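Each of the next two complexes has chain A plus one other chain: chain B in the first, chain C in the second.
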Partner chain A sequence: MEKLFISRDSLKKLLDRLARNLNLVAPVKDPEGIIMFGPVADAGQVLLEYQNSTLPPKSFFFPQTERLFKFSYGQEGMALEDMCGSDKRVLFGVHPCDLKSILSLDPVFAGAYKDPYYINKRENSAIIGLACSNPSPGCFCATFGFGPDDGEGSDIMLTPSGKGFDADVLTDKGQEIVASYKDLFEKAGDSPRIAGETRLTVKKLDLTGIKELLDGNFELEYWNQVFEKCLGCGICTYVCPTCHCFDIYDSSKGGCDGERYRSWDSCMFTHFTMMAGGHNPRPSKKERVRNRFMHKLKYHIDRYGLAGCVGCGRCVKSCPVNIDIRRIISDLGEVSRNGQL
Partner chain B sequence: MGNCKCDNPYLPYPATIKEVIDETVDVKSFQMVFDDPEVMESFKQQPGQVAQISIFGVGEATISITSSPTRKGILEFSVKKVGQLTAALHDLGPGSRVGVRGPYGNHFPYEIMKGRDLLFVGGGIGLAPLRSLIDFVLAGENRKEFGKVEIIYGARSVDDLCFKYDILDNWPKYDNTDVYVTIDRADMAWQGHVGFVPSYLEEVKPSPLNKYAITCGPPIMIKFVLQALNKMGFQDGQIITTLEMKMKCGIGKCGRCNIGSKFVCLDGPVFTLSQLKELPPEF
Partner chain C sequence: MREIARDLLESGQVNLVIGYGRGTGILRTTPVFIRKPSDAGQLVYNPLCGNNLVKYLLDQRNKEGRAAVCVKGCDSRAVNRLIQDRQIDREKVYIIGLPCGGILDPDRVEGAVDPGEEIKETVISGEGYDLITAAGKYSFTMAGAGSEKCSTCQNHNPVVYDVMAGDPSDTPDIKDDGFDDVRKIEEMTVEQKSAYWDRQFSRCLRCYACRNSCTACSCRECVFDQVNTGWVSRSSNLSENTAFHLIRAFHVAGRCVDCGECERVCPVGIPLRVLNRKILMDLKDLFNTATPGLTPDGERVLGQFSADDPEEFM
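Right after this comes the complex of A and B.
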C-alpha cells in the first residue's frame, strides 16, 4: 500500500479531470437539499464533507430498475439482446459503511451463478473512499467492527489531514488512477488524521450473544413488541445498502418486441412471498419484520460470513414510525442476557 | 452501454412447444425442445430439478421438470393454470415459442436410494416433480438398481387426476411396482378407492423397512402425510419432500425464496424431513 497526500486544490483538479475523462459519480446536493450520489460534470458540486446520502451508492452496481435484455420474435425465431455491459466509472466519496455494504453484496451476486450485470459494473468501477469527518448521530458503524476512517472496499481511501487528504492507495485499480494523475499527488506528510477522533464519537452497540440468541430461537416473544406499528411501507429496505431483493418482469407494447427488467423489491411487502392458492409463508407483519432483522443480524452472516447491516443509520432515519434497528440490537442483547426485556 | 458476450444466467434459451397434453381442466403438460440442438444436448437436468419458463412479454414461472433425464431430446413440464404466466402458457399450442433457463436447484438424492424400496406419495399436480424420479427409477437398466416401488396418488376427483396414462396404464405394468390411486369424493365413474391421500396411506400401510418415502402435494396434504409416515415408523431421514416457495431468479440473488438462511432455489427444493425440521417453520 502506498501512502500519498492530495491537497484540496489538487483534489478539485483530480475530480475535474475524472469528470472529463471517465464517468464520475459523487455525492452532490440536489436543489431540495437532498444528498445523493449522481453523475457530476463539474467538480465544484462534489461534497467533500457530508453525512450519509439519502440513498446509498448501491444503485450504481444494482440499479433500482435495470433492463436485463431485449427480445424480439422475427423470421429467424427469437432474438435476445443482452444488456449486461457497462461503462467505466469512478465512484468518489464513498463512506466506510457504504464501502462495507458493497463487500456484503459482492458474494450475493457472485457464487455458482455469476450475475453479469452487477459484476461488470463492479469490475468497471473504481471506488475512491472518503472518511467521515462528521458522522451523523444515527450512525453506528463501530458496532460492526469498523469505523469512519476504515478504507476496506475502496481502491483509494481519502482521510482529511492537514490542508488536504491522506490518500491510501489500496488496490491496483487505485494505483492506476494515481499513475494517470501523478502530478496531483505528493508523499504523505505527518499531519494527524482527523478521523482518529471521530471514530470515538460513533455509537458502538454490543452484539454479544445476539447471533447465538437468534440461532437458537426463531420464535421470540420479543418480536410481538416490534412489529405492530410497522406500516409495511418498505422504505427501510429501499434505503438499505445491503438489501438486494428484486422482482423480474417484462414490458412489451404488444406485438413481437419487448424487454425484461428487474427492480428492487421488498420483503416487507405482503405479495413478496404470496403463492398460488393464497398460501403465504410470511402472512403477517410479524413474520416480515422478523425476517428483515433476522436477515440483517443472522441470515446474511450464516450464508456469507458477513454482516447484513453496516450501521449506516438510513433505515432509522427513514422509518415513519421509528422502528429502530439500534433499539432492536440493544433489546435483543438484553433478552439474550436476561431471557426477557 | 453495450451488450457483452458473457455467460448470462438470466438469458433463457429459446425453445419451441412440440406437444400439449390436457391433463385436467386446469393442468396441461407441455413438451418442449430447445431451438439450438447443442443446448438440448448440454441441458443436463437431474430428477427433481426445476426450470424457469419464459413467455416473452408476459414473464417467467418456476416449473418442475417432470420428464426424467432418461428421456432424451425433450423436456416436459406440467403446469397448473393459476395466474398470468401459467394462463398465457395454457393458451399456447404446438409450434409456439417460449424460453427456458435452468436446470436449477438440488435433486432427489437417488444415489443414496439405490438398493432400497421407494414409496411415492403425491397429490394433485404434486405428482409432477415425483414423476421425474419415478420414470428415472423405472427406466431401462436403472430399474434393477432399486427395490420395490409403491406409488400412492390422489386428487380431488377423477377429472383432477394428472398423468392418468402413467398411473393407470404405464406404471402398474412394471415389475415389482404397485400403484394406489384415490379420489377425495365418491364418483359414479370411479370404481377405485375414495378418501384423502394421508388416510389411504395409513390404510395401505407400507413398511418403513429399507425404504425411502418421497412426497409432494398441496401443503395441507404434505403436512398430514409427514405425520402419517412418522406414525408408521419412518424416520425423518427416510422422508424426502420438495418445497414450493415463490421464486423469481432461481439462482440465489433475488432473495425471495428464503426459509431462514437457506434459499429454496439453491439449497432446495428437495429436503429430507430431518433437514426441514432444522429450518424455521416458515413455508
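Right after this comes the complex of A and C.
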C-alpha cells in the first residue's frame, strides 16, 4: 500500500480530469436538498464532505431497473440481443459503510452464481472512498467492526488531513489512477488524520447473543410487538445499501418483440412471496418484518459470513413509523439475556 | 389521553387504542397499539406526532371489537372519509380527539437538538413550542420549524371525535387557503413545470410509502401491484414514475383529505401534497365544495350520483 497526499485544490483538478476522461459518479445535492450519487461533469457540484446520502451508490452496480436483453421472433426464429455492458467509471466519495455494503453484495452477485451484469459494472468501476469527517447521529457502523475511516472495499481511500486528504492506494486499480495523474499527488505528510476523533463519536451497539437467539428461534413473541405499525412500504429496503432482491419481467409493446428487465423488489411488499397458485408463505406483516431483520442479523451471516447490515442508518432516518433497527438490536439483546423484554 | 385510554380498555368499550408512543430519540414518535390498561402510560402526545394513524383502522376492518384511535384535526377528516366510503363502521371506532397547535418538521428541528435526547415535557409558548429535555430547553416557532402543511391548517381541532383529550386548541384555523404552493407552480412556464416535475419524479423510488400511508388508498388490490395489466410496469424510470404519480393523484381526487402524510413519508422529498392540492383547488373552484372529510355526511364530489346534476352533455 502506498501512502500519498492530495491537496484540496489538486483533488478538484483530479475530479475535473476524471470527469473529462472517464465517467465520474459522485455525491451531489439537488435543489430539494436530497443528497444522491449521480454522474457529474466537473468538480463543481461534488460534495467533499457530507453526511450519509439519502440513497446509497448501490444502483451503480445494481440499478433499480436494469434491461437484461431484447428478444424478437421472426422467420429465422427467436433472436436475442444481449444488453450487458458498462462504461469505465470512477465512483468518488464513497463512505466506509457503503464500501462495506458493496463487499456484502459481491458474494451474492459474484459468488457461486455469477451475475454478468453486476460483475461487468464492478470490473469497470474504480472506487475512491472518503472517510467521514462528520458522521451523522444515526450512524452505527462501529457495531459491525469497522469505523468512519475504514478503507476496505475502495481502490483509493481518502482521509481528511491538514489542508487536504491522505490518499491510501489500496489496489492495482487505485495504482492506475495515481499513475495517470501523478502530478496531483504528493508524499504523505504527518498531519494527523481527522478520522481518529470521529471514530469515537460513532455508536457501537452490542450484538452479543443476537445471532444465537435468532439461530434457535424462528418464532419469537417479540415480533408481535414490532410488526403492527409497519406500513409495508419499500423504504427500508430501497434505501438500504445491502438489500438486493429483484424480480424479472418481460415487456412488449405488442408483436413478437420486447425486452426482459429486472427491477428491485422488497420483502416488505405483500406480493413478494406470492406463489402462482395464490399461496403466500409470508401472509402478514409479521412474517415480512421478521424476515427483514432475520436477513440483516442472521441469514446474510449464515450464507456469506458477512453482516447484512452495515450501520449506515438510512432506514432509521427514512422509516415513516420509526421501526428502528438500532432499537431492534437492543431489544433482541435484551430478549436473549432475559427471555423477554 | 392516558386516562381516557385506560378507562376505555378497562371498561371494555374498546379492545385496542392506537396512539403515539416514544420513538427513538427526540425527533421521532412511533405508533403504538395498546391492548392492556396498564400499558396506557406508553402514550405520548407532543409536536413530533406527525403520523396520521387513521390508516391503521383499515387493518381493523374485519376484526372483532371496537378500536380507539388518536387523531389530530387533519387526521380526523380521514376518519369521516373512510366512514363515507363504508371502509369503516362508525360504531366500531372510538375517536380520541387531540387538539393541535401545529406539528414540527423533524428535518427542520434536527440541526438544533441532540437527537439522542428525549422530550420530558412540551410547553406551548407564543407561536411555537418549548421542548424540555434533561439537558434543558429548546424553543421552536411554527414559522421557523413547523410542518409546511400546518401553515394552511383549517382544523386545529378534530372535526369528528367521541372525546377530546384536553382543551381545544385556540390556534386560529385558516379560513381561506390561498393555495400559494400550487399557484407558485402554476406561474411557471410549461417548460419550467416540466423540468420541475421531471426532476421530482425521476427521484421516485416507487417504494409506495405514499400509497401505503394514505387513507384514501384503501383498494384491496392496488392497480400498481397488478403488473400483468400493463397500466404501469414495475420498471422505475421517468415515464413509468410519471404515470404512477398522475394515476395516483387522479385516483385520490375528491378523497384526499390534505393530511400531508404522503409528503411526510416520502424518503426523497417529492412534494406530493402540491399535486393533490392542485386537484383540491380545482375541485373547490369548480364545485364550490369543502375539503373532503370536513363533515361526516359531506358531499362526495366525484363519488355520488344526483339526478339533477346540471351536466350539459348528459
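One rule holds in what follows: the second predicted complex is superposed on the first by the 341 of 341 C-alpha atoms of A that agree within 3 Å, B and C clash if a C-alpha of one lies under 4 Å from a C-alpha of the other, contacts with A are read in each partner's own complex, and residues count from 1 in each chain.
We adopt the following convention: contacts are C-beta pairs under 8 Å (C-beta built on N, C-alpha and C of every residue); 3 or more make two chains touch, one makes a residue touch a chain.
Keep in mind that this is a model prediction, so the values were computed, not measured.
A.B. asks: Clash or fit: how do chain B and chain C relate after the overlay on chain A?
C.D. replies: The answer is fit.
A.B. asks: Answer with first, second, both or neither: which of chain B and chain C does A:L47 touch in the superposed model?
C.D. replies: In the superposition, A:L47 contacts neither chain B nor chain C.
A.B. asks: Comparing chain B against chain C, which has contacts with more of the residues in chain A?
C.D. replies: On the superposition, B touches more of the residues of chain A.
A.B. asks: Mind working out whether A:S263 is in touch with chain B, chain C, both or neither, as first, second, both or neither?
C.D. replies: After superposition on chain A, A:S263 lies in contact with chain C alone.
A.B. asks: Output check: A:P116 vs chain B and chain C. Expected answer is one of first, second, both, neither. What do you get?
C.D. replies: The first partner, chain B, only.
A.B. asks: Tell me which partner A:Y249 touches in the superposition: chain B (first), chain C (second), both or neither.
C.D. replies: After superposing on A, A:Y249 lies in contact with both chain B and chain C.
A.B. asks: If you stack the two complexes on chain A, which partner ends up touching A:Y73: first (chain B), second (chain C), both, or neither?
C.D. replies: first
A.B. asks: With chain A at the apex, figure out the C-alpha centre angle toward chain B and chain C and round it to a multiple of 10 degrees.
C.D. replies: Given the fit on chain A C-alpha atoms, the answer is 90 degrees.
A.B. asks: Which holds for A:L220: it touches chain B only (first), chain C only (second), both, or neither?
C.D. replies: It touches nothing on chain B or chain C.
A.B. asks: First (chain B), second (chain C), both or neither: which does A:L207 touch?
C.D. replies: The answer is neither, since A:L207 touches no partner chain.
A.B. asks: Would you check which partner chain A:P281 touches, where first means chain B only, second means chain C only, and both and neither mean what they say?
C.D. replies: A:P281: touches chain B, not chain C.
A.B. asks: Identify the partner contact of A:L103: answer first if only chain B is touched, second if only chain C is, both if each is, neither if none is.
C.D. replies: Once the two structures are laid over each other on A, A:L103 reaches no partner at all.
A.B. asks: For the superposed arrangement, tell me the lowest C-alpha distance between chain B and chain C in Å.
C.D. replies: 7
A.B. asks: Using the superposition described at the top, list the residues of chain A that contact chain B and also contact chain C.
C.D. replies: Touching chain B in the first complex and chain C in the second, residues 247, 249 of chain A appear in both lists.
A.B. asks: Considering the complex alone, what residue numbers of chain A touch chain B?
C.D. replies: Per the touch definition, chain A meets chain B at residues 68-69, 71, 73, 77-78, 80-87, 108-109, 111-117, 120, 218, 243-250, 252, 254, 258, 260, 262, 265, 267, 272-277, 279, 281-282, 287, 291, 294-295, 298-299, 302-303.
A.B. asks: Can you list the chain A residues touching chain C in their complex?
C.D. replies: 30-34, 36, 54-55, 64-65, 137-138, 228-229, 231-235, 238-239, 247, 249, 251, 261, 263-264, 266, 269-271, 316, 318, 320-324, 326-327
A.B. asks: Quick one: which bits of chain C touch chain A in the complex? Just the residue numbers, please.
C.D. replies: Contact set of chain C toward chain A: 23-25, 28-33, 51, 55-56, 59, 114-116, 199-200, 203, 205-209, 211-213, 225, 227, 233-237, 264-265, 267-269, 271.
A.B. asks: So in the complex, which bits of chain B are touching chain A?
C.D. replies: 1-12, 14, 35, 56-60, 80, 82-83, 97, 99, 218-219, 244-246, 248-249, 251-256, 258-261, 266, 280-283
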